[in-house]
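Have a look at this one before I ask anything.
Each chain gets a letter, A, B, C, D and E, in the order it is written, and its residues are counted from 1.
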Amino acid sequence: MSFLRIQNISHTYFTKKSAKTALSSISLDIEEGSFISFLGPSGCGKTTLLSIISGLLNPSSGQVLVEGRPIQEAEEPLIGYMLQQDYLFPWKTIEENILLGLRILNKSNEISRKKTFRLLKEIGLEGTENQYPKQLSGGMKQRVALVRTLAADPKLLLLDEPFSALDFQTKLRLEDLVSATLKSFGKTAILVTHDIGEAIAMSDTICLFSSNPGQIYKQISVPEQLRNLTPFEARAHPEYASLFQTVWKELENLEK
Amino acid sequence: GKEEVQKIRVAEVTRSIFYAPQYVAIEKGFFKEEGLEIDLKTTPGGDKTMTALLSNGADVALVGSETSIYVSAQGSKDPVINFAQLTQTDGTFLVSRNKVDNFSWDQLKGSTFLGQRKGGMPQMAGEFVLKKNGIDPHNDLTLIQNIDYANIATAFASGTGDYVQLFEPTASVFEKEGKGHIIASFGTESGHIPYTTFMAKESFLKDKQDTAEKFTRAVYKAQKWVYEHSAEETAKAIQSFFPDTDLELIETVVDRYKKQESFAKNPILDKEEWNNLQNIMEDAGELPKRISHDSLVNTEIAQQVTKK
Amino acid sequence: MKSKSTHIEQLHKQYIESLIREKRIVRTYQLFIFAFFFSVWELSSRLEWVDPLIFSSPSKIIELLLTKIQDGSIFTHIGYTVFETILGFILGTLSGTLLAAILWWSPLVSKVLDPYLVILNAMPKVALGPILIVALGPGFTSIIAMGAIISVIITTIVVYTSFREVDPNYMKVLQTFGASRFVCFKEAILPACFPTIISTLKVNVGLSWVGVIVGEFLVSQQGLGYLIIYGFQVFNFSLVLMSLLIIAVFATIMYQLVEYLERKMIKSSNQ
Amino acid sequence: MKSKSTHIEQLHKQYIESLIREKRIVRTYQLFIFAFFFSVWELSSRLEWVDPLIFSSPSKIIELLLTKIQDGSIFTHIGYTVFETILGFILGTLSGTLLAAILWWSPLVSKVLDPYLVILNAMPKVALGPILIVALGPGFTSIIAMGAIISVIITTIVVYTSFREVDPNYMKVLQTFGASRFVCFKEAILPACFPTIISTLKVNVGLSWVGVIVGEFLVSQQGLGYLIIYGFQVFNFSLVLMSLLIIAVFATIMYQLVEYLERKMIKSSNQ
Amino acid sequence: MSFLRIQNISHTYFTKKSAKTALSSISLDIEEGSFISFLGPSGCGKTTLLSIISGLLNPSSGQVLVEGRPIQEAEEPLIGYMLQQDYLFPWKTIEENILLGLRILNKSNEISRKKTFRLLKEIGLEGTENQYPKQLSGGMKQRVALVRTLAADPKLLLLDEPFSALDFQTKLRLEDLVSATLKSFGKTAILVTHDIGEAIAMSDTICLFSSNPGQIYKQISVPEQLRNLTPFEARAHPEYASLFQTVWKELENLEK
């Protein structure tokens, strides 16, 4: 049985006057330890789908099962969800922000705290512990939000454009970091991105979405050779370029 | 053996020199002599005083007798009984803006008269006096009755009205400051009425009759004391209750009230006074229904006390 | 495709129905509380759990109200008070918002006046009676002024606070278009604060009633505040409570009007 | 590099100096307004532009205050009132915030109670005097209750509004960590609303004073409210105005304390 | 004389307790009609510099001259600044949002309005005129913000990561659109981006920033051949790949 089963999910946003269908009949099975990317035009419902998977939003129909059970019934929180904007708590210092998850989950101890601070260091933000979010730049805040999500050590990671505000170098470094972290602990992850290269370099499967209403248009498997490389190495691999072309074409088709 | 000191909670409707004998009784230790300890609270407004009494927040209330009639007219299982009278005339004065030499009430005709607020004893007594002197308060003069008791003086001082009905010590202050001239007393004109009276619930009087008697005795002592001593002595005695008023002013006021016998000479509230009160109320259209003297007044205690 | 769109329409209908259903539940609870309150009151007054002299009872109050409706006198009283309250409300809210705008406009003025606002806010307005009477005479205007005064400072403070809390980036957007401080105020600060202003309005509706009633305590021979004072004077608590209930009814009506305004003005809140 | 970092230090010093300078300017203006107000008052009273009987004058008030300080009586009055006010303030704020939390907790309860809050808000609390006396007796507790009652509903409404306006995404962040509604409240809603709560606190400081003074109008034998009522009674407006000024002073002190609290609690506002 | 002169700009952020130097001695001359990109690590002060150029922030020292005069003295607003987040007014519809600039500048007329709606259409958001920002997805909001900035027809355009939340296709399309619009009207533009490819494809000059404190590390001219191509075509040009490598190396150096 798959780790995560998305069964026939549809979602429509209602207001008193209008109805807008964001997702229609999405079904998807995701194995434990795999890495999925969602690619698709802006407004096709990717954020909506993540919200539904995380249990924050109830879909109009369909259900999501994690390890065979609805997400709400999980004994302990399995999911780490990094929202499309950082939503750091402005009244907490960076340190308080990143330790928040641990504290709420009652997992705060010497070891987990040390691990979190190491993450902060690896992500290039050592020394900002006592600052407040508004003293950081956009990209720095995004990285702090990533640390906050990773720190809680979730089994399933939902990342909504986590690297969008980062410079290229930092982005590559973080891709490697996240990828290594996930692989070594066998975690499952879903990544929303607009960067085809990122999707190819990081994931095992790429889901292409079409819009109006949001649907899965195609699933593309990333070849074995690429999967076992770090994202940085993957970008240099010859297979990468050809897969980039394929995905690119598919997206072109989608536009029509 | 020594009797235990008994605590009596008294709620007074306002702090006024008009109630001088009460303060004398406290200050001169008349209550103490009777083995009573007085816990005096000011609960501004007859409604609050009466509520305190009805809800057992106070044992004795010092308030206008008309309130007991209002209460009883609405029916009450444990009626409020007047048992000791403290003042026996109205306490207000007619103050004129301009100096008047040969005052006659007729001069009020056509003027603007700043009266007390409707429904209260001062207003009823005021109208009663006007009528008694042949003035129809609603036709012969412009009657202003819309101002709160505490603000009437201000309104007059800032230019409203030719004549005003004022309490002491405001009337005396106005005279002293040249803002007005006291030209008549509503107290003298109204005749004897039960104006302010100590009241208690019937059950209290029944259960603790001797306490009520002690209380009344102390009041009676004070009443006698006030008439046996000079106004100056009285003023001195009660000064601690009026910390921010000139001793001289207190004396003037005490003297004025004493002269017109506003302070009752004994605590007995007799039938004649009672009916006079009801007549005044009836005239003003505020009497809900006539209530007999013996159902709301207890003269036994006062009589007992004054006999000795 | 056709079947799909009708499916959505159906879902939409369900959604709207669920909104209606929720509203019905809310109304039921409200009615229940209402009925419960009044029946407990009536009962405890009848059984003398509470002193019926002080607490009166719903039936006595209704009886009194009916006689007052028959002789028509109640309408004059209501008319006076409602008129005064509306004026006081409008005056208080407008001048409070205006003051807040001035404070926002000039940071220096706001810093300088800050402690004075506090002091004014802490002044027991009832004690200002004499000053009002001297300034405005013992009449109508004093009452309306009392209704306005009681809400103006609180409006100023609350609205100014919310002005200051608007994300400065909205102003930046406008400044890049060369907008003046006035335009920034009109386009960003004011609309961003509409929810706060409206919620202050809702509070002010209440305060203006309090103010006008207190004003009528000071000077009046008409109006619901006068009835209350008179009721106290003649120890007729049925009269007092009747007036309070009427105030409750009209305050609610005014509140509903403000809410209606809210729905009209804050279009974007159509979630 | 060394010279550079000292350059920055210098700039930083300049920055802090400019903050101090600004504060000094503000203080100067405030003092000026203060002096202006009192000298105009003194003057117009001396020259009888206003009636000195009603408006008294600063010199007379100071004189009165001095005698009262000498005989020590003023301290008892102040002590009583301050104590009552602080209690009323704390009670009102705490229960208001608590009520707001309950409303936030249960959307149904909040929808059901909404109109009732409005009505309670519009009730002239002064008219509740007799009911308080019945419930709590003619004493201390009634006064404190009045101080609390006058601020509790307004606190509830304002704080609840701000609870609702917190960006729901902060709650989402916490929910992904499996946070309960209580944790969400504690970690996101409450701290996000601290600025509003503190600004309500500032308003409540004022309201509690008003409440306690009004309470002392109902029942008392001590306190500044008693002095006011008594001052009216014996037509001693110096006494009334002196009491009002003392109230102003103490309200300001309490306000400053709340501000101090604000600085301590809202650490992140160190712009 | 250059159109835009940035003269020895330094900026330090102060709080009561700390001082953080974000920019140090930045000087730069920009010719009319040219297109400059700012590339650099997260937190190096790019947003700060844009704020200073736009006149929203006063620098600690140095000055900015537009057409020889301080920006504050310009008779009419010359600058269009698109902030790093969208900051659409939530209480205004999309239509009101995009027409805002015109209205404030008193340039609202039939023609300018039509032009704005055409822009909205070209950017792929026709039909959203009467919706409110919160009904749109992240990328849609960003595009609306771009339309709002372009609509006012500024002479100098400051764009802070305008394409970060967009899918690849949309991004390419918008790059072309913006580039064409600017070229045809001879406008000057400064673009902050983290995408090396984007910087190369769109600009005439690339400024590389180093951080702590933010300084201009290097200016790289984009060869003539690439400049005259549309961004989309440029990406396919052989020069593109080699320039990419150069920039990449420089950024790597910077990291050390």
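Criterion: a residue touches a chain if its C-beta (ideal position, glycine included) is under 8 Å from a C-beta of that chain, and two chains touch if they have at least 3 such contacts.
In this text, all values refer to a predicted model and were calculated from it rather than measured experimentally.
**Q** Hop across touching chains from chain A and tell me the fewest hops that reach chain D.
**A** 1
**Q** Looking at every pair of chains, which two share the most C-beta contact pairs?
**A** More C-beta pairs are in contact between C-D than between any other chains.
**Q** So, what's the distance in Å between the C-alpha centres of chain C and chain B?
**A** Taking the average C-alpha coordinate of chain B and of chain C, the gap between them is 40 Å.
**Q** In angstrom, rounded to a whole number, how far apart do the mean CA points of chain C and chain E lie?
**A** Using C-alpha averages as centres, the distance is 48 Å.
**Q** Could you state the distance in Å from the CA-based centre of chain C to that of chain D?
**A** About 20 Å separates the centre of chain C from that of chain D.
**Q** Using mean CA coordinates as chain centres, what's the gap between chain A and chain E in Å?
**A** 28
**Q** Which residues belonging to chain A are in contact with no fewer than two other chains?
**A** Counting only residues that touch two or more other chains, chain A contributes 15, 85.
**Q** By residue number and range, which residues of chain C touch two or more other chains?
**A** As it turns out, chain C has residues touching two or more other chains at 51, 54, 130, 134, 217, 232, 237, 270.
**Q** Mind pulling the residue numbers of chain B that touch at least two other chains?
**A** In chain B, 45, 47, 51, 54-55, 150-151, 154, 157-158 touch at least two other chains.
**Q** State which pairs of chains touch, listing all of them.
**A** Every touching chain pair, ordered by label, is A-C, A-D, A-E, B-C, B-D, C-D, C-E, D-E.
**Q** How about chain C: which of its residues touch chain A in the complex?
**A** It comes out as residues 8-9, 11-12, 15-16, 19, 270-271.
**Q** Please name which positions on chain A make contact with chain C in the complex.
**A** 12, 14-17, 19, 21, 60
**Q** Under the touch definition given earlier, write down the residues of chain C that touch chain B in their complex.
**A** 48, 51, 53-54, 129-130, 133-134, 137-139, 217-221, 226, 229-230, 232-237
**Q** Enumerate the contact residues on chain E facing chain C in the complex.
**A** Those in contact with chain C are residues 51, 54-56, 76-77, 79-81, 83, 85, 87, 89-92, 100-101, 104-105, 132, 134, 148-149, 152.
**Q** What residues of chain C sit close enough to touch chain E in their complex?
**A** 167, 169-170, 172-179, 183, 187-188, 191-192, 194, 266-268, 270
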